[in-house]
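Pasting the structures here.
After this come two complexes, each holding subunit A, first together with subunit B and then together with subunit C.
Moving on to the complex of A and B:
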């Protein structure tokens, strides 16, 4: 059973081209993971998502994935022009930057030296540190604004069954540059697997990076992603999370606002049903004065679904004039659904604007009645209300074509299955 | 069109309607007047199918037992309630909602669905008739609408959905004279021999503009007096207490 799940140190020997120091680092991390195992609700960060219990219920065994097949049947999004990179099972397969100045962009596969040997108490990060050997590194050189959006096709192939995939990505946007990405996950596997990602984002002075995370369809995949963001002065990070349709997903986001006037925005609209379990956890660290942060998380929960939002805003003593706001709204449409929210403010500066709000409730019966008196069935009325509830987040996307694309995906999530 | 026989209704064990009788024939306009708490809005709610009420007595709409007809089918069969307090629905575009609503009703009638172009033409025409600024139709349904805009939007929906039985629940409350006239014009221009109206109001004022065939006084959940339009004028002079 997965409860006593241990990974042999031999798995590390399979990773090519690592020196002894790297190897020792990986061994230490794997030993830590083997000692701790998958996290349980006893750990504060996992109190609403007991991963060990979830895994022991759903997996009989998990092996380390070692297949990365080529993909022939792959079709690009037609709705809008875009650059792309293609990942299969986490490995960088190819990239196409046909709308851009190629001298300004560097893209490579996983490289050991791109990541610091950080220590972590999170068993999943340790597991990732121990076994990651796939992923991508993207660098946008200074003074360059992307002409078109970059779609990151994150494809998982049919053969994945009871596998763990560990990968590490890094995105660097240098001074005065701008990047807009859509992380588009396509899952071909009908079976269960676990993707454990570590992502490092660095925005240098006056850089802008915007990401939209969305799924092509429902998926039997279990996902965990730790995002470590470092934001320098006058730069802006914005993230839209529309990751509905996954069996399990935890996005663990840590953003350090390290430079003055930096800005971080995280928005999410999720529709969860059929025993989906998703958690968004954000930690935004205001480390210097005059920074802004904003999180708005909207979730709709249907039959047996569970949603979690843990949001922490940390304001260091020197971080005066901080402006931080966090809001979570959940709409529960089934009696069997659950939403847990844990807002946390830790403030050491005295001249700050910092607040949070959290609401959860049922669909308003008066609204349903009103729509029904106009001929809509209860189901149609409910769907219209859900759609309206989530649409608020989408309306913040600036590009009309991308907004339409996301809207269609969302409508499919709400009406389609 | 509508026949109500000995209707009694209670909510949370509190009796609100105590044996109400009313018959409305096709083409007729009836007004129900009554003081606060007499059961006017309860009657409107029950006709629209709002749940939560315990009901006895008979409700017949075009010969069918209304109690057996679910809310949305009542709308599909031609009953329309203009709400006293139209509900704000965030995130739902007014035009999209109206089109969805119209098409559900058309489908139920066995008619072809209307396409976007034809719908926009229809809505533009009706909005113009009612003096509604088209811009509000691309906004979220009733969100941030003024009191007058909300009520006009109810009448616009009535015009577009083209029902047979219209219940106006205190549509005049909170309106200025100009808005009142616009709304009355909207109703008057819809009057025909196969449409009936039930106008619920506190004040005689609305009935200067929408001239009813019959006026009923509702008090303590019963109709205590019925008459012609002159009854409304008498009420205005004497107040509800004298009539009781």
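Moving on to the complex of A and C:
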């Protein structure tokens, strides 16, 4: 079933289209997806995550989602003041910017014309290009700094089962502006579904954008997100990924450093458990001189979990004085866990500082021994060390309340162990 | 740095050709060519069958295309698969009977073929185009029970050993170039070290491609039986021609319990001229199996030649406590392309591997490290350490690192680190101040950069390799 999975072209007719050109573009993309199917390990980008195999093991059937419930009661985060937008199954339901100057912010639902018709060889991006019809557009006008953090509640409702959701989001931060978001996923469905997101981020001159990605709890959902970022001069993008507890998650991040002195940071701390499979794939393109990029990925892998990190730094011949760094560290604490990595450098400029490191292994036995001599049990010692290992990433979050919030979520995952 | 000087080509001192009459197989790749090769080698039927099996398999294979260096399509039907010096048709019994022109060629190459040169202490098997020309020190080695001969001779004299081990590390059904080699290989070296014997001298092979429009397909098989030790050296050169020549060799190593094999290569095939015309396509498959407990295989390579180098000497660590090592220097200048690295496949318990790779690119060259470290589920308490450093000279060249790291159990540790940088200006300045010119300074710094690998080479090679490092980079900095 999943092996020869095909989607009828009729699905495209269900979407409210703007014009024939859009339709043709969507048909072309769907035909490509139908030809390729879900990606397998034969494709270089999916070498360590054979999606077709994972899907055929876990899904008997899967359809395109067409239900978008109206409003669900949900609890706001109480720990800190924040603005929010609410998405249900990817559709923008409402937004609240009570702490901000509303003239400086534009928020709308999915709009076809906001996206370029790009060609892709990734079957999942093509699937998204063909069928996406929900999502949001957020524009922060120039010279505006957000007072409070913006929480994006990404809610999936109870009835969701064996469905594919395709959505497209776009965030634009204009000149001299600042935005800080928390993408907070709440999954009410106890069933399996597949959420396929395409996100486009544009930071104009001297803009700053920081995003934290975190879950409310464990989820049976399968997630794929492709992020296409374009960073202009003097601007800075930072991303924290704490997406522990998802059945399958692949974050495919592509950042183009297009302006001088631009900066990109990707940090992640993951605790994977119970057959979780997570992959972080990054491509950071240094296209102009004097840019900086920094990546630090830390993973702890427990029973049957699999973690993957594929990171690539590309430095164009004119991008002199580049400073790029990449580090991936993994702790394997269960016999059946697996960690695969492919930290890649492709460098064409000589006056650069580029390095990467990747390690994987168990918790240091000497450290455990030391803690046990101080009266801790082996389990406590292990937990303490794991917690310390992951907390290093959290300590980079500046706001104390948010740091505390993330810490609690993470601790809950580690001490559940 | 002066970019204009980057293109100046270094001198390739092995670019001469030797005028020797050749016997060639008819052009083209087909069953008849394979039968011809087998007949010329007076091979038994089983060997011919083996070749034909490989050829049939080849028909269903396509050339791999994932590697970084792209090359124009090779016309396999327009190649000679067998070329041998005519005088070798009747095998010489001693060096006196070898064609004096051949001896002269090897003298030019500086290879100690002459048995009188006992001081050099290296036993040599020389392969000229496709045929093993002479093997030295035979008697002394025979006393210890060591077999060191050409693979053709081994097929006739030691068929049991060959049958048992040939294709056991690189199967017939491997990738395109390995299978091509299995079908048409012409000669190469065979080494067998009996149990508990420590080979008293370095064994060495020198390969040379002489004739034009030929591909060289040699096959090397080294077996170290229980508790034995051998160190093996390999060197290669080719004349300067403006066509690209294909070199697709297979090297198989087998180390049984407590055995150790050290395999060193100094590869200096003709790299093409400064505009990237000509040069050797070096598509080589090298693989070693640490089959026994506590066995060890160590690869050391200095890659300075070839238009395109594409090779990944690998270790399959099957035996418990076995060790795999890979030390590599790859230098590319002008239009050279190198895509090289290793595979360390950990299967046994307590296996260890170490990878040290140094890549240097200058001119318009591209240098890629591509490697795999795969720690299996049952390879408990295994360990890997990988270090890849790249040095870039100028902004027209590229340095790439593509490691694949898989760790499938929690008791094993894998570490990988890589850096990319250029030559430190302060170091250059310091050397200049002390009276070294720019070129000497670069050579000194690069030799220092490569030191960890160079010191793994046996004495005789280390001196040569150090010079080679200097020569390869001549003219790369202004």
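In this text, the second predicted complex is superposed on the first by the 414 of 417 C-alpha atoms of A that agree within 3 Å, B and C clash if a C-alpha of one lies under 4 Å from a C-alpha of the other, contacts with A are read in each partner's own complex, and residues count from 1 in each chain.
As a working rule, a contact is a pair of C-beta atoms (placed from the backbone, for glycine too) under 8 Å apart; a residue touches a chain by one contact, two chains touch by 3 or more.
Quick caveat: nothing in here was measured; it's all calculated off a predicted structure.
Participant: Subunit A superposed: clash or fit between subunit B and subunit C?
Facilitator: Superposition check on subunit A shows subunit B and subunit C fit without a clash.
Participant: Regarding the shared-chain residue A:389, is it in contact with subunit B (first), subunit C (second), both, or neither?
Facilitator: first
Participant: Touch test for A:266: subunit B only (first), subunit C only (second), both, or neither?
Facilitator: After superposition on chain A, A:266 lies in contact with neither partner.
Participant: Given the touch rule stated above, what does A:241 touch, subunit B (first), subunit C (second), both, or neither?
Facilitator: Neither: A:241 stays clear of subunit B and subunit C.
Participant: Touch check for A:351: first (subunit B), second (subunit C), both, or neither?
Facilitator: In the superposition, A:351 contacts subunit C only.
Participant: Now for A:202: first (subunit B), second (subunit C), both, or neither, which partner does it touch?
Facilitator: Neither partner.
Participant: Who does A:369 touch here: subunit B (first), subunit C (second), both, or neither?
Facilitator: first
Participant: Just checking: does A:332 make contact with subunit B only, subunit C only, both, or neither of them? Give me first, second, both or neither.
Facilitator: In the superposition, A:332 contacts subunit C only.
Participant: With both complexes superposed on chain A, which partner does A:12 reach: first (subunit B), second (subunit C), both or neither?
Facilitator: After superposing on A, A:12 lies clear of both subunit B and subunit C.
Participant: Under the stated touch criterion, name the partner, subunit B or subunit C, that contacts more residues in subunit A.
Facilitator: Partner with more touched residues of subunit A: C.
Participant: Please state the minimum Cα-Cα separation between subunit B and subunit C in the superposed model, rounded to the nearest whole Å.
Facilitator: Minimum C-alpha separation, subunit B to subunit C, in the superposed model is 15 Å.
Participant: Across the two complexes, find the residues of subunit A that touch subunit B and also touch subunit C.
Facilitator: The answer is that subunit A has no such residue.
Participant: Contact residues on subunit A for subunit C in the complex?
Facilitator: Counting only subunit A, the residues touching subunit C are 44, 47-48, 317-318, 320, 330, 332-335, 337-362.
Participant: Which residues of subunit A touch subunit B in the complex?
Facilitator: 364, 366-367, 369-378, 380, 384-385, 387-392
Participant: Where on subunit B is subunit A touching in the complex?
Facilitator: It comes out as residues 48-50, 71-72, 74-76, 80-81, 83, 86-87, 89-92, 97, 100-101, 104-105, 108, 140, 157, 161.
Participant: Which of the residues in subunit C come into contact with subunit A in the complex?
Facilitator: On the subunit C side, the touching residues are 66, 390, 392-422.
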